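Same chain, two partners: subunit A is paired with subunit B first, then with subunit C.
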Partner chain A sequence: MKVRVKAFARFREILGSDLAIEVPDGAVMTTALSALRDRAGDEGGTIFDETGALRTHVILMRNGKRVKRSDLDTLVLADGDEVAVFPPVAGG
Partner chain B sequence: MLLERERERYARQILLFGEEGQERLKGAKVFIAGAGGLGCPIALYLAVAGIGEIRIADRDTVDRTNLNRQVLHWERDLGTPKAGSAEAKLREANPDIRIKAFATTIDETNVRDLVAGADLIVDAMDNFPTRYLLNREALRSGVPLIHGAIRGFDGQATTIVPGKTACLECIFPEAPPAEVFPVVGTTPGVIGMIQANEAIKYLLGREDLLANRLLLWDGMATTLETYTVERRPDCPACSPGVRP
Partner chain C sequence: MIDITRDVIDAGAMIEAAKRPGMGALVTFCGVVRDDGGVERMELEVYEEVAVRELETIRDEAMRDYPIASVDIVHRVGTLFVGETILLVIVGAGHRKEAFAASEYIIDRLKRTVPIWKKEFYRDSERWVPGSSGETHGHGP
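Now for the complex of A and B:
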């Protein structure tokens, strides 16, 4: 099945804008993140930490609702879901 | 009551929201935290809109590297406190309002006094620790906080109404890493205008604020989107029982 991914700001430059990733039926959020990690390759350091986990300040949303870090392994995705990922900024 | 010259100065916006709306702005007190990339355009536009009292605080002095974006500070101001530099320009832009400038670091010891009596706090800081402090003070005092932040061509904004909307710690439980951030002046210009516009709407009592919505501006893609945000039941800043 296909999941749509919207990346913003620096993440859009790394992952591309408005991409669709293919994941197996019944896949959980962790699977989608793993596909994004592969896609980011060497440039993924601003999104994922050394262990491959999403950096703690990064905001992840599914269909417009925030996803808690504790739900990554259990949140089952559906065909056509939209996942949004973006880095909050801090400057002024 | 508006003076005759005020009726004239604000004639075009009185067409929008009437003398009653203009009087609301005249009676308003706004605290702008920061006189940098965001604080300069926010303060300038709120001043010319006729906000009755603008308080602005910044601890820094003007550096040449500020001049690509901090539009109230000019070559002649190099080495002088940003608070005084901003105050001088704002007074010249609109002599009919009160400007109170504070060349000070916003911290636990003074945030209460800086916010006291204000109708609104506008976040124009460049770091999350001070933003979290402003958020806690907003929650404690009940004064709404209009958040904005930028980096490069990107920015974000949201309006926090204590007790009603998600607070800053609900939305950003973890601060982004501190850095010397790259920035072009148009980015704080865009986000600062969104914040100033929110401030004016809030003071006029209008609905449809950026409440429980996080706005994301991507200047390289020229996209602007808003995402729904929610209060976190376990938020250390605003959840009942944890709230200071």
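Now for the complex of A and C:
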């Protein structure tokens, strides 16, 4: 199935602005993040730490709702879901 | 009115449009691109669907928690030059005190949670303005 990923600001420069990633049916958020880590390559250090986990300041959303760190391994994605990943906000 | 726009913000027109007979005060906050050590322009980026929803939530919170009559918020995105208006917040109320308080609440809250980012461009360099990782209302871990 396909999951749409939106990245913003510095993360957009690394990952691209609007991409679709292929994950197995029933995949959890961690699986999608792993695909993003592969895509980020050498520049991934801005988003992921040495262990491959999301850095603490990174904000993650699924269909416009913020995702808790504790839910990454259990949150099952659906075909067509929109995942957003972005750094701390700086509007105003 | 809640809006994300790529066009120039006309503060005067917005203030006139916000006026109602019961209002004795319209407190207006205008955020502007500052020449911060040689900034020539700024690019603002937005996660639009979420930003609009978040601005609506902030307006609703302000209307609930302060005795005010109206809230208008317009945030500009795209390319902006020094002196241009980034953000306009207008709070209408019977009296100034509550309008000032609500206005401060709105701008502080907006800076923490609305998904908008700024990149500053200098003559020879560029940088993303460091942000706030404040919780988005109701969805935070």
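To be clear about the criterion, the second predicted complex is superposed on the first by the 88 of 92 C-alpha atoms of A that agree within 3 Å, B and C clash if a C-alpha of one lies under 4 Å from a C-alpha of the other, contacts with A are read in each partner's own complex, and residues count from 1 in each chain.
In this section, a contact is a pair of C-beta atoms (placed from the backbone, for glycine too) under 8 Å apart; a residue touches a chain by one contact, two chains touch by 3 or more.
Note that the structure is a prediction, hence the values are computed from the model and not measured.
Visitor: Considering only touches as defined above, state whether A:51 meets subunit B (first), subunit C (second), both or neither.
Guide: In the superposition, A:51 touches no partner, neither subunit B nor subunit C.
Visitor: A:70 in the overlay: touching subunit B, subunit C, both, or neither? Say first, second, both or neither.
Guide: The second partner, subunit C, only.
Visitor: Looking at A:92, would you say it contacts subunit B, subunit C, both, or neither? Reply first, second, both or neither.
Guide: After superposition on chain A, A:92 lies in contact with both partners, subunit B and subunit C.
Visitor: Which residues form the common part of the subunit A surface touched by subunit B and by subunit C?
Guide: Residues 8-10, 12, 57, 59, 61, 64-66, 84, 86-92, which sit in both footprints.
Visitor: Which residues of subunit B touch subunit A in their complex?
Guide: 34, 36-39, 123-128, 148-156, 171-172, 174-179, 181, 183, 188, 216, 218, 220-221, 225, 227-230
Visitor: Using the touch rule from the top, collect the residues of subunit A that touch subunit B in their complex.
Guide: 8-10, 12-13, 17, 56-57, 59, 61, 64-66, 84, 86-92
Visitor: Write out the stretch or stretches of subunit A touching subunit C in their complex.
Guide: 6, 8-10, 12, 57, 59, 61, 64-70, 84, 86-92
Visitor: Which bits of subunit C are touching subunit A when the two form their complex?
Guide: 31, 44-47, 49-51, 53, 75, 86-87, 107, 110-119, 128-136, 139-141
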